[in-house]
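Chain lettering (A, B, C, D, E, F, G and H) follows the sequence in which the chains are written, and residue indices restart at 1 in each chain.
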């Protein structure tokens, strides 16, 4: 059973770290949003799933509450994270940040 | 009913402030009546508490316990918030009641309905309740909370006249200083809590040993409270605030400043009275006081704005009180007692005279539309009563013999002379200078040719000013009577009442 | 480690003071006061910490726990946080009104009241 | 546990220092929000969940909201 | 239990990643960059809080993470709204 | 009538969330009676201000259960797989630095708000793409593509089968 | 904001409201209470303001300010309940009626909603107050100066 | 000149504060604990609340909470006063 937790945790931390490093590596806002959103969301899913599994494994009202509340937090992350990223990307574009090295920018053409 | 008087004096104005907006949606007359009822009840309760405190000793009220006097648990330590009113607190309550009642009578005709009168009344009640809460509480953190209530309500009131720019600026500055002072007090509360795991003033006072951290806490408390009071290094906010606030708020603001002085007395004499009340701190406070007096008077000379001129006068009076507190701490007993008598008596005199001046300034602002001295002149032709009141207040402020300012200032000079003749000479000099300044202001505003049209103040405002004038005259004519009845218990509570206070709160 | 939380909270207070003294924008002053409040809150909460303690809540508390951290500082901090928010809101409202009248937020330019 | 405390506290100080340092008011507010968020995590570590929720709700959402609303009504950049 | 130690270590690693994101918050040339860094920090801290809730053995602590997951979204929206410009 | 429907739907939604939060509070049943009553009161009162926000015309089709089953299946199956792929894709780009970004436009022909939202969030979380803007009138998506293969792509090139899923689930 | 943000707000707002109500309701059992839950629900107001624009909610200012009065007054009146003994006396605790049950077992326990006397009522009073007050602050700041740009 | 004086005083002040932090007792080992032990032991019997913090906030120190609510009320009234009047 512990092996499962460790596996989930390892995957989760690895992808979270990937997100953080993507934030440092990429050249402009949009690519950073790519890296940060995808990787941290995915990593958090695994991290939280580890806790959910742990909660169900523990059982009883205590473990069940732990699992449910963790699932709820996961649900919120899943629906709010991409939305926030979308809002930020849209705002960045409207604030005049150009994508670095863009081969095509249809949104700019539209204006 | 009377058992609950201390809490009713605080909770009823709070309830009134909360309900005032709701009532004002129903009917404006009903709101006025309701506000009057609340104010009358609150001041009655303050007087009742004062009578009890003067006759029976320290009044203790424990919130949330099975009975009001059950302030400690089985282990002998207090866990709930305790209201503890000794002579000093009761005296401050009387000052707050006087200021509040006068402000209420004044503001019914001073505030205009379309400018947000309901909100102003509500804030005034909150400020009043905050001052009462500050002076009645026996719990250190609770003191901080009520300090913040007065800060926020006072700043909102200072910014009342939002159609001009300067009130908002004054309010911002005041807010920053008040908040900083409050945060310093909070850090000190945290340090004391961390050391002794208690928040009750009496219990802490018994536990304090005078370690390095205690000194730090004392420094922070004094710093925060001096910031709140507007003593010299942090006095920048005070003239702006007094000068720009609406008149009825200013008198309560003065009471608020005096509540800060009360807190300094409480901290120095009760909280740290056992271990750290050394003459060094007394000299520090006294020198800050004399610096405040000198700076304020010198700044008052160059002012051209009537409100700010009077405001600097108010700041200088604050300096006299600090001087008295410092001298009282230098020599506990002997001439120190004289100094404290003068200082504490000066509090109520200051509230009356400065308050009267500010009320007149408010009337002038309302009548003439401006308070710039160069543009005023000859107002005495139409504003007869106001001119008389202004002269009375100015003379009382400067300490001219038959009026009340003389009695208290004389006591301060006398005792200060025995502590340090130089300080006394400086204080006397400043007083004379102040007299010149206010007389010049009187001459500039009320005498001379008529500069602009002005209509006299409505009757309600005159009544409010009349009450204060009456206080000034009566206190000036019979100082001995009042010193014996209300000032002396407060002085005794400060000087020798620490043991009685601890015994009343902690039992035994 | 030692008493690092205390030192850190005092560093926060110092940073806030630095902001208040060196910056002149009114909103920046509000930010400085917020930083001081954060420091004070951290100070209060860390005063109540007990080594190995659990949160002072009995619901689903681990039965093998030895001690609870002190609840009083947490109650005090709650009060302090709400007071801080009220202060911040009022200061920002003042800043907005001042900007409305003066067209600037620079404290150096609007110090007509200096005196 | 100790390492967590140390890391979080250092991050709080870094965030506050950034809030002090940035001239751009919006950036300062962002740094303040980050600092407040990490302070909430520190409260969590200090076993004060009540305070952590209050700091999260007030420091993260409402303070940022009113700061940004105030900045919208005034200037964007801090003036030199 | 051994899994709890694992949660603790994972939480510490996540806080370490917050350092990296904080670097972006400090360096980020434009304000959107800083906002993205804040968003990342939010997600990381929510994950950390959930992990710590399990590690410290107190179920009730997880509520804080839910509050955070909800409210950091609002802060992000406000920042984005401000960057967009135009009337609110 | 519609107003009442909106209110009822919001109340039920709030009630369900509250019940999920308070699961396992009862001794025998899953919920204690106090929780059930308190949740009902909260739902009834809380739905009053939120009704006009939560419910819009045409949301009733979201209540059909087969859409929910499809949604869960979609979450576990195709969505999760492409999310995993997305992460390895990001890892690849981080390591190699091989990017050719651009903002492209395509028209997925989705009409309802929920379908568009579902598609946009899916796009944001899946390989190489990030929704930057959605045209409210025409429903055109503007997507930041990290490696542009075709400046004027068809929807399938950018996001695979997702538009079809979104249509199936929310339209 | 775009249609995506608005749609997600439509989902998040009721959930946040339910969660805030849960935090207030369970203030005496789990972390939270009137202030925290009130702040969460007030954030819902902030969310609605940012997602749908503030003009749509202008009428709420006329509701929120009186509601704050009501919350504050309810709190003081609950405090006045104990004035037979002392102000702020928790008269309902242990009375057996509403919220008057004792704790099911001392020490760690799953918690029962029906305990703690006046605490849940005070939580709700403060919660209402905080919701209304902070919501009103956000709305007023957002609405300020909109007529003339 | 004035600026440097300010900075010097600030440094002294900061040193004072930080020294206070260092002098204080070690973190996590309170010297005295009568009051808090009382709260922890009696919250369940006297107030019947599981959450000790809430028991303190609303029962033992309820008066502080009244003050806090009043602060918030004052701030909201102040904001309403300022922003409503300036608009009209």
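Keep this in mind: a contact is a pair of C-beta atoms (placed from the backbone, for glycine too) under 8 Å apart; a residue touches a chain by one contact, two chains touch by 3 or more.
This one's a predicted model, so the numbers in the text were calculated from it and none came from an experiment.
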By the touch criterion stated at the start, how many steps lie between chain B and chain E on the shortest route?
2
Among the chains, which one keeps its Cα centre farthest from the Cα centre of chain G?
B
Distance between the CA centroids of chain B and chain D (whole Å) is 37
How many Å are there between the centre of chain A and the centre of chain C, using C-alpha atoms for each centre?
30
Distance between chain E and chain H based on Cα centroids, please, to the nearest Å.
26
Do you know which chain F residues sit against two or more other chains?
21, 24-25, 117, 120-121, 131, 133
By the touch rule stated above, which residues of chain G touch at least two different other chains?
1-2, 4-5, 8, 12, 15, 19, 23, 29-33, 35-36, 40, 43, 46, 49-50, 65, 72, 76, 79, 87-88, 90, 103, 107, 109-111, 130, 134, 137, 141-142, 144-145
Residue numbers in chain E touching two or more further chains are 18, 31, 35, 37, 56, 58-61, 63-64, 66-67, 70-74, 77-84, 88
Chain-chain contacts, ordered by label, are A-C, A-E, A-F, A-G, B-C, B-G, B-H, C-D, C-E, C-G, C-H, D-E, D-G, D-H, E-G, F-G, G-H
Partner chain A, residues of chain E touching it in the complex
2-3, 6-7, 10, 13-14, 17-18, 20-21, 23-24, 30-33, 35-37, 39-40, 43-44, 46-47, 50-51, 53-54, 59, 62-63, 65-66, 69-70, 72-73, 76-77, 79-85
Considering only the defined contacts, which chain G positions touch chain E in the complex?
1, 5, 12, 15-16, 19, 23, 30-32, 36, 40, 43, 46-47, 49-51, 53-54, 142, 146, 149
Contacts from chain E onto chain D in the complex sit at residues 8, 11-12, 15-16, 18-19, 22, 25-26, 31, 34-35, 37-38, 41-42, 45, 48-49, 52, 56, 58, 60-61, 63-64, 67-68, 71-72, 74-75, 78-79, 81-83, 88
If you look only at chain C, which of its residues touch chain H in the complex?
1-11, 13-14, 17-18, 21-22, 43, 46-51, 56-59, 68, 70-72, 74-76, 78-79, 82-83, 85-87, 89-90, 93-94, 96-97, 100
Chain B residues touching chain H in their complex are 11, 14, 17-18, 21, 63-64, 73, 75, 77, 79-81, 115-116, 119-120, 122-123, 126, 129-130, 133, 141-142, 145-146, 148-149, 152-153, 155-156, 159-160, 162-163, 168, 187, 191, 194-199, 212-213, 216
